[in-house]
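Reviewing the structure listed below.
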Amino acid sequence: MVSFESDYNNGAVPEILERLAKTNDERSSGYGYDRYTESAAKKIALECGLDTVEVSFLVGGTQTNMAVIDSLLLGCQGVICCDTGHIAVHESGAVESCGHKVIALPGKDSKLEAQTLENYLEGFEADETCLHQVQPGMVYISFPTEAGMLYSKSELDAIYKVCKKHGLYLYIDGARLGYALMAPGNDVTLKHLASHCDVFYIGGTKVGALFGEAVVFTNTRAPKFFFTEIKRHGALLAKGRLLGLQFDTLFTDGLYYTISKHAIDCAMQLREIFKKHGFEFGIDSPTNQQFVILTKDQRKALSKKLAFELWSPLEGEKLLCRFVTSWATTAEDLKTLDEALGAL
Amino acid sequence: MVSFESDYNNGAVPEILERLAKTNDERSSGYGYDRYTESAAKKIALECGLDTVEVSFLVGGTQTNMAVIDSLLLGCQGVICCDTGHIAVHESGAVESCGHKVIALPGKDSKLEAQTLENYLEGFEADETCLHQVQPGMVYISFPTEAGMLYSKSELDAIYKVCKKHGLYLYIDGARLGYALMAPGNDVTLKHLASHCDVFYIGGTKVGALFGEAVVFTNTRAPKFFFTEIKRHGALLAKGRLLGLQFDTLFTDGLYYTISKHAIDCAMQLREIFKKHGFEFGIDSPTNQQFVILTKDQRKALSKKLAFELWSPLEGEKLLCRFVTSWATTAEDLKTLDEALGAL
Amino acid sequence: MVSFESDYNNGAVPEILERLAKTNDERSSGYGYDRYTESAAKKIALECGLDTVEVSFLVGGTQTNMAVIDSLLLGCQGVICCDTGHIAVHESGAVESCGHKVIALPGKDSKLEAQTLENYLEGFEADETCLHQVQPGMVYISFPTEAGMLYSKSELDAIYKVCKKHGLYLYIDGARLGYALMAPGNDVTLKHLASHCDVFYIGGTKVGALFGEAVVFTNTRAPKFFFTEIKRHGALLAKGRLLGLQFDTLFTDGLYYTISKHAIDCAMQLREIFKKHGFEFGIDSPTNQQFVILTKDQRKALSKKLAFELWSPLEGEKLLCRFVTSWATTAEDLKTLDEALGAL
Amino acid sequence: MVSFESDYNNGAVPEILERLAKTNDERSSGYGYDRYTESAAKKIALECGLDTVEVSFLVGGTQTNMAVIDSLLLGCQGVICCDTGHIAVHESGAVESCGHKVIALPGKDSKLEAQTLENYLEGFEADETCLHQVQPGMVYISFPTEAGMLYSKSELDAIYKVCKKHGLYLYIDGARLGYALMAPGNDVTLKHLASHCDVFYIGGTKVGALFGEAVVFTNTRAPKFFFTEIKRHGALLAKGRLLGLQFDTLFTDGLYYTISKHAIDCAMQLREIFKKHGFEFGIDSPTNQQFVILTKDQRKALSKKLAFELWSPLEGEKLLCRFVTSWATTAEDLKTLDEALGAL
């Protein structure tokens, strides 16, 4: 079955698999003390325009969020995010399991607005009972958001400005970062991002790797003992080489961008196909996640040939369904979609 | 350089890499909802002689220990282990990060003795202040232990008996389980193990897989919401297929045993080589970790050709050094060792 | 200065102080193993119509909420409350510090509605990603609410019914319970309450005691090791006698009700005084907290003679201010208020 | 029955009860924002010779230990203490409930020795796997210890020197501080203590107050948001006035010292009485806890007239029993003891 179910329904880019095979007989020290990890970290720091190399590699997004957030916050501090933020909704309370409240503010189109943030912080600071409340210590945003939306350069800068004004860290979840960077209309570069937040991660799991996320602290902001914190959160991979090698491959010859661009191209073609067949979109995403309005019958019929997710029920018999492309999407996949829509 | 540094200094058995490559273009649902994971779980349950299939796959040992221990214990309960237990020493306080005390009892040869456990529990229960203390809720042992030692069938049974008498769970860390099962003198089978504890895990990371540990709850003992607990501990792999596929491969045609046996054979040859050259062992391990006494000069000289770990300093100029074999150790590796020792 | 600032701006009812003085030279075992505590627990269980005596005494509300919630929930479970709930807003993240998410649902007049709860739970259970989310494990409501409002018998029953349908605990925070029980229009008795929830606490700090809250588990619902859990949360008072003696006093000859009734009578007189002077109320509370709309100038002028809290800014120059009566409010206090309003 | 069971088997010094009664009708702001608390904090800072007033008041010892330790440590840091330390043994895992390991080192006579500490830290730092372990972040000692022993000035200074050398906080649990300061042979003053650690607490619960402990951070070492941390740990007393008033009383006209001296005098008389009757001591404590060796028969006989605790069984039929004096011990109590011993 052709699957538009997610961007982690696949394996890895061939370059990674080949290199895994080629280096399988090598021996290396564990826990990231290997030459691939060292090389990958340097390449990423360079790509981000950073003077210091404070790059760590973890296996997945939730564990990365836990380790980063818990390492930077004081006990009584919480992390602010948009009400649709991944840490607020889909991580089974991982951040709370570390003792920190997730303070969810109402978003607009799955994005946190600088003004909403500023209003909240002003209100908090003016509240005479604020010392009886969770102290805001960090802002978490996703780029792109969980619904595939983008922050513009000016929106990002405005948020960072509010963070700095109020003494909060800004942390950017880049689980699908490549797909944002390559999206039409995007004006945020990796270098710009790295100079407008305190820490972010570059997603590998959803962008070409078997698994892996690269955490980047920007210029001396890495917390003390971050290595130990990773271990303490159960997030230290014994064969660290596997992470280093994958990211070294992704950040060689611009592979990370090339494959991200491919996914975006596929997403734009997918949009056109849906439009051609008269479908409408519930969210107007410029990235690799596309949100199409289907009837229940259409969903049922399409599900025989295609895998995709129900995002949310809409009014009446309508459903908002998510179709996701990735570096692995093929022309054949899109053709099958086109035919399936035509056959409805 | 030839490395006896660890059993995670390598890649994966070729069968796994080949299968990863062969299935790379397949599409599958995430988080373990794929046919490989289902197949692997069934095979393992069958191999363990269990009627129910309560098998989960996680990436690494520390996160597995956190998720299992925290899911089974009440808040005020702690986990008892030997003072050399991995959770007590080398997990950066991961268990404590979940709120539970690790109660370390003195071990003998890196093993917890049933009598030590019984004495502790009797003393605890007789103590009038015991309700002001951490309640013992679980016993954790490693098989083989962190120093490569084995529990015999009767030793294991005695511990489990004490656990049941006092209402404690028994959890067995099998990070190197294959190497125990195949060790000379071992009389514990996988089926016996599965019927003499509440939960254990079968290590993949150190036994043939790129990464991965298979948690097995024995007959309806899996805690409610264990899937959600895994996620909450940041330990849920998006591409669960990778774990399922690796364990399905390891538990097809007895591969897990074959490769474990190979590592043990290599370890026994390594012992003979060291003995031939007049070296003595600080710990008399029957498994894949061997602990050799070297002088500082010998260590220095050998380190030019071989990678291995310092385990602990001994009296005088002596050092206890660890040499580890694995499924990946070659005859060539052993020959290099022999020559290096001969050249001292 | 006359203070309507809070109901914990005072000392204790004279009966308690006298008894403390009278028993000061007695010697008793610590941690609640004394005859006053035993007596108080029995009286409370009797008053609640319970067959079993599962009553524990803690010092304050936040620690009580932590200990109760954390002892009943599994790790991955969260507690649902109204968005104005004390645990959601004014406890500095104490519940999250124990690892549990506070799931805040929109309330109506500071109350959680059964239908809101039912809708949330139905939506949750229908959500295909629900195992990736925090599992709802408990509902927390306050009676009276943080804004002085009451649940009627039928509202309470409806909530409990939803809880039982979905397998959730119902926990009632009774920090000001006496003031609810004695409020005009209230139809919930202590016995009814005790038979329509799993656990609740009877507030002493705000109702006549120097400090203290009595936790009541209803008929065999007390979690295992609750004594140890109290200690583990730092909430076990060494001189437990102090708590037992206070509650024994409050639950002798209906003192708890008498003093609560006095506070309510004062609150009703306070309402009349404000009304007489033409003031309006922002919240129509039937209990001891009254919420009056003042201009900024009025607030400033009144603050010279009276202590009271700003509750929240309103539109324009208006402010919502809180005036609180208690068992300790005097006719003199009310007279001063009347004069101060007259002098505006 | 005459009780030597503990130093918290009593009420409060009459001065406190009287003042509570006298001020019962006053109105004050909550949470420590009252003039008694302000006054007490200033008096204590002055008494400690500190330039800054960083004094907070909590209700009990365990919650104080949790709040202080958790507020100062980073997540992956643990606290070192003697194996008989209160936090290691008798707090139900409260420190671990905040995520931190208690690293118990072998003590001598219930004391941690500077050399033991130095050896541990040197060993830790030299261990190549130290980043996989819990990072030592603080040293916790009790003065007097749980078994009534004292650190001399030079012992204390040596420990603090090791702490500073390795970058660790030194925290002193002074649950019975008064009894140490007034003990024969003690050469540590409050001022000396305050200048040789980072934080300590002055116990009230066991020294004259109904309850309460005063946490003193020494010169600008109070962590950010300590007020909020207290609340977050459920340890903020609503009627903070009660704590302030008690400590203000204890630190007026040297009352804290006078009553402590009384307890010590009684302890010395108690020693003489036991000696006169031919009893021996298992621990040679110079403070208010005395540890007498009894036979089981003697214990049984004495228990009819006196309350006291079994500390630990000894070899044969012998038992080590604890007899505790306090500010509340009377000449009559001692006379009863003398007679009871005589009647054996």
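Letters A, B, C and D name the chains as they come in the text, with residue numbers starting at 1 for each one.
Criterion: contacts are C-beta pairs under 8 Å (C-beta built on N, C-alpha and C of every residue); 3 or more make two chains touch, one makes a residue touch a chain.
Predicted model, so just to flag it, every value in this text is computed and none were measured.
By the document's definition of touch, common neighbours of chain B and chain D comprise A, C.
Of all chains, the one whose Cα centroid sits at the greatest distance from that of chain C is B.
In terms of C-beta pairs in contact, the better-connected of the chain pairs C-D and A-D is C-D.
For the pair chain A and chain C, the distance between mean C-alpha positions equals 42 Å. Between chain A and chain D the centroid-to-centroid distance comes to 50 Å (mean Cα coordinates, whole Å).
If each chain is reduced to the centroid of its CA atoms, chain C and chain D end up 33 Å from each other.
Shared interface positions of chain D, defined as residues touching 2 or more other chains, are 75-76, 91-93, 97-99, 131-133, 228-229, 231-232. Those residues of chain D whose C-beta lies close enough to touch chain B in the complex are 75-76, 78, 89-93, 96-102, 128-129, 131-134, 309-310. Residue ranges on chain A touching chain B, taken from their complex, read 1-3, 5-6, 8-12, 14, 17, 20-21, 23-30, 59-67, 91-94, 97-98, 205-206, 210-211, 228-229, 231-239, 242, 307, 328. Of all residues in chain D, only 31, 70-71, 74-77, 98-99, 131-133, 135, 223-225, 227-229, 231-232 touch chain A in the complex they form.
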